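In what follows, subunit A forms one complex with subunit B and a second complex with subunit C.
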Partner chain A sequence: MSQALVDLVREKFPEAVTGSHSHRGDEVVIVRREDLVEVIRFLRDDPQADMKLLRQIAGVDLLTWRTEMTGGGSLASIEAPEYALQKTPQVEPRFYVAYNLYSITRHHALRVRVELRSDDVKLPSIHSLYKTADWWERYLYDMFGFEFEGHPNLQRLLLYPEFQGHPLRKDYPVRKRQLLVPELDFPDLIRGPGPGPGGAGLPMSQTHVGRHNVDPDAYD
Partner chain B sequence: MTEPTEPAAPVPHDPLTFDEDLLSAPMTVNLGPSHPAMHGVVRLVVTLNGETITKAIPEIGFLHRGFSKSSENSTWHQVLPYTDRLNYVSPLLNNTGYIMGVEKLIGIKCTERAEYLRVLGGEICRICDHLTCIGAIGLELGAYTVFLYAIEARELLWDRIAELCGARVTLSWTRVSGVANDMPHGWDQLLRDCLPRVLELTDEIDTLLSANRIFIDRTRDVGVISGDEAIDWGFTGPCLRATGVNYDVRKAHPYSVYDRFDFSIPLGSHGDTYDRYILRIEEIRQSHRILLQALDQMPPGPIVTDDWRYALPPKEDVFNSIEGVMAHFKLIMEGIHVPEGEVYVYTEGANGELGFHIVSNGKGKPYAIQVRAPGLPILSALPRLIQGHAVADLIPIFDSINMIGGEVEQ
Partner chain C sequence: MSENPHRLTVLKPEGNVPESHQIGDEAAIPVLVTRLGESIGFFEKNLSNALGWARKNSIFQYPFVTACCGMEYMSAMAGRYDIARFGAEFPRFSPRQADLLMIVGTINVKQSPVLKLVYEQMTEPKWVMAFGVCASSGGFYDNYATMQGADRVIPVDVYVPGCPPRPEQVLDGLKILQDKIQHQLHRAATLERAPDVELETKKRSFLGKLLGK
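On to the complex of A and B.
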């Protein structure tokens, strides 16, 4: 059933679709980055596709696809040393972003994939098509550093603004430590003795109450 | 005696009727991250105009544990305990969702008895999740009894879960192609004995809340969302069905053995807080029906495959044959090997569609794994749900979407 959907997209956008395959019943369409918004808009609005639900946007980094060690060797590869990464041949296109779409009325699913080269990780935002894309795109920006052009508020979703790097990239070592974030003044808050700003001077957790990292004027 | 003083001059302005303008600048208030009415640790930056919420921005990430990164550096079975901690109220549903993804990548089928055991455990967990949500709504609207009833019922079920899996919350009970252990002797009778009490407590909650004037006033027409808009925001599960959209993965794409049970999907009509509440009550009854049917249909047979590439061999073989030792050693030291591929697998979690996007490069670890937590899209719509309501309405709305910090913040 989903194969018909792939044919539909191929027929409508012969230029945009650069490939398609199916694995374990999951249909995948690879489209060009420039045509992403048009393809997804077509899938959402076309009565035959009618994919009104955006389930998830996922990202994958293919940097260590071939070089990663097997099974029990995983413990050794936890600390990705820099020299090992230098030896790693560059894989291009290094990233891809997968949009999992679903139709509640027609019960079919399709995954739209966009490939990205490591030197150009920009792609268009589909925030205007699906409201739920807002947080998924922020999540991917947070974890992979993809820049979604046209997103109204592209900030980190789970991590804090001072975080350095993007943790789900394969060259980010799993045990990498982050710098402690300096305390921020929060004059309105009166604190008693104890840890925290104004207290015993111990560093607070990195996103404590007093941080000004949420802008109430976002989305204005 | 002093002379009686002159009566005081009349007050020029009665304070109750003064006509000067009150200070009406919008005020920004932090709710959370640690707030008694916040489930989990989430911070809401709320802009108020008087008592009306004009804008709310949720800030999440306080519980971020790096689920994806940790999983990418573990073997396939080592990911299971991480999935427990995604939704700690219904961990078995997460276990099943993840392990079905691994099975789909391998192309292996679960044994029939294990399917039934997964359904049993999963539906118990679903009831627990709904009871927690309902109890919290009651608690925070002042009905403390409801909370106690819900927790009593949940404790009964968690005791059954503990007898079944060996743990109350962190179960890690599923395995590729099966489950870790069979149910103990006589356990099915214990479950049959405690289910009437759970149903009775649910009925008590129903009679206490569902027709309660105060409860209805607080929840009816509060946090309304239409079906189309809910889909646009990515709603699934009870929050979507409360708007009248019939989408339940168990019916739309019957996985496991859900096609063998006779149960129905309750639907709401308004998409407000009351519908989200009453739907969960109804779903508890449906899950109860599934449990009884699963107990009746429970087939005999193995609980895990005998393919030693994927499941540990029985201990007799480990101690008595070289093949058994080798299989055991390889599984423990290296884990299972999953062929290359990419799947998105989806199951019906307690709060909606729980999806795992799993990529394998055939090297013994998940190459990439990202979870579609049902709560994340729903929480992202919280500003839309509470806009224009009073601060007091925030709490029932927030309760009714049943945000679970563990899964949203991964």
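On to the complex of A and C.
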């Protein structure tokens, strides 16, 4: 359907495209990482392509793809067992990043894919082309640890800063438990900073009259 | 009514004081009962009963609704099941006015400080109900983001299992909580007073003489 689109990209960037295929009606173009921004800029601005909508940026981890092992080897443990990772054949390139583009005016879609090796997970940000890429790239950084160079605010999106690891990577242990988040530091809004309860920059839990300040025999 | 731990016990003539009782562990040391102590215990018990009766029949809840259990909470609130029959009539959307924190739904790790803050903002006396398996144990969300039970952050009084629980289960949990409230020791004032050092010293010297130390 949008084979013409693939041909358009191939014609414009003959050396950037390393492959293309169609999977159940979805055209996929695999491009080199260095040319990603230029290809997407061309697809956005070219009147024939006119892909003004970035539907999604998706990440794929192929670590367990050949063995169909979906992390079950680490089910019983909170650590990823070394032997399970050693048995797992390394697939290179290990990661895919797929940009799903859509044209609202021409009603065609194209998936632009970049392949990343596991030792180098940096790729350019397309935040300058699509505003929505801001949160998608933060999401991918959160879940996979991809580093988008040029992103203005590359922090975790869904998880919290203290989180260890990247949970959608296939070597993240299934039963791994994270530490509890530190308590919120709420200053006393009415009385302001000072030596009183809630003041002096102390966390509220330390100064607030909770159960630990009350006669322990009162309610139990 | 359970055994009141503050009730003064009678010292038997043969002096059956266990060896394990240390000086300084006043609550565990039996002392001679007096008419005064007896009458204080009587009034304390009656006051506790009355306060427990009042508190268990006017539970104001704070619904901390985060997930699909909220539908069952609404059902338990609404006319067919009508949690108001048991006095738990008003959801208060300020924790400072609530007695019962209902954790309705999944709590994830990122959310736990908020939950703890809400709990700490509630005034004493306060109780907590874990509504559904997610709040009780994490449920089937055995994954990287979900707190495996809200009791990892705050103390929980009643666990209501179910995914989501039927409103009958919620009412049952509420009845269990009412039982618990009735059997707790309630006091008119709950803040701890500063210990009377002189009196404590007197008590110890008296007991020391009594125990032959």
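Basically, the second predicted complex is superposed on the first by the 166 of 220 C-alpha atoms of A that agree within 3 Å, B and C clash if a C-alpha of one lies under 4 Å from a C-alpha of the other, contacts with A are read in each partner's own complex, and residues count from 1 in each chain.
We take it that a residue touches a chain if its C-beta (ideal position, glycine included) is under 8 Å from a C-beta of that chain, and two chains touch if they have at least 3 such contacts.
In this text the structure is predicted, and so the values were computed from the model without any measurement.
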**Prompt:** Looking at subunit A, which partner touches more of its residues: subunit C or subunit B?
**Reply:** B
**Prompt:** After superposition on the shared chain, which partner residues are touched by A:Q56: those of subunit B (first), subunit C (second), both, or neither?
**Reply:** first
**Request:** For A:D134, decide between first (touching subunit B), second (touching subunit C), both and neither.
**Result:** first
**Prompt:** Does the superposition put A:L8 against subunit B (first), subunit C (second), both, or neither?
**Reply:** neither
**Message:** I'd like to know which partner A:P167 touches here: subunit B for first, subunit C for second, both or neither.
**Reply:** both
**Message:** One more residue to check, A:L159. First (subunit B), second (subunit C), both or neither?
**Reply:** both
**First (subunit B), second (subunit C), both or neither touched by A:V181** = second
**Asked** Hey, what residues of subunit A end up touching subunit B and subunit C alike?
**Response** 158-160, 167, 172, 174, 209, 213-214, 218-219
**Request:** Write out the stretch or stretches of subunit C touching subunit A in their complex.
**Result:** 5-6, 27, 109-110, 112-114, 116-117, 120-121, 124-125, 142-145, 148, 152-153, 155, 184-187, 190-192
**Complete:** Within the complex, subunit B is touched by subunit A residues 23-26, 28, 52-56, 58-61, 65-66, 68-72, 74, 77-78, 98, 100, 104, 107, 109, 111, 130-132, 134-135, 143, 156-160, 167-168, 172, 174, 207, 209, 213-214, 216, 218-219
**Prompt:** Where on subunit B does subunit A make contact in their complex?
**Reply:** 28, 30, 33-34, 43, 45, 47, 55, 57, 59-62, 64, 66, 68-70, 72-75, 104-105, 107, 228, 231-234, 236, 245, 247, 252-253, 333-335, 337, 341-344, 346, 353, 355, 357, 359, 361, 363-365, 367-368, 370, 372, 376-377, 380-381, 384, 409-410
**Asked** How about subunit A: which of its residues touch subunit C in the complex?
**Response** 158-160, 167, 172, 174-178, 180-184, 186, 204-205, 208-211, 213-215, 217-220
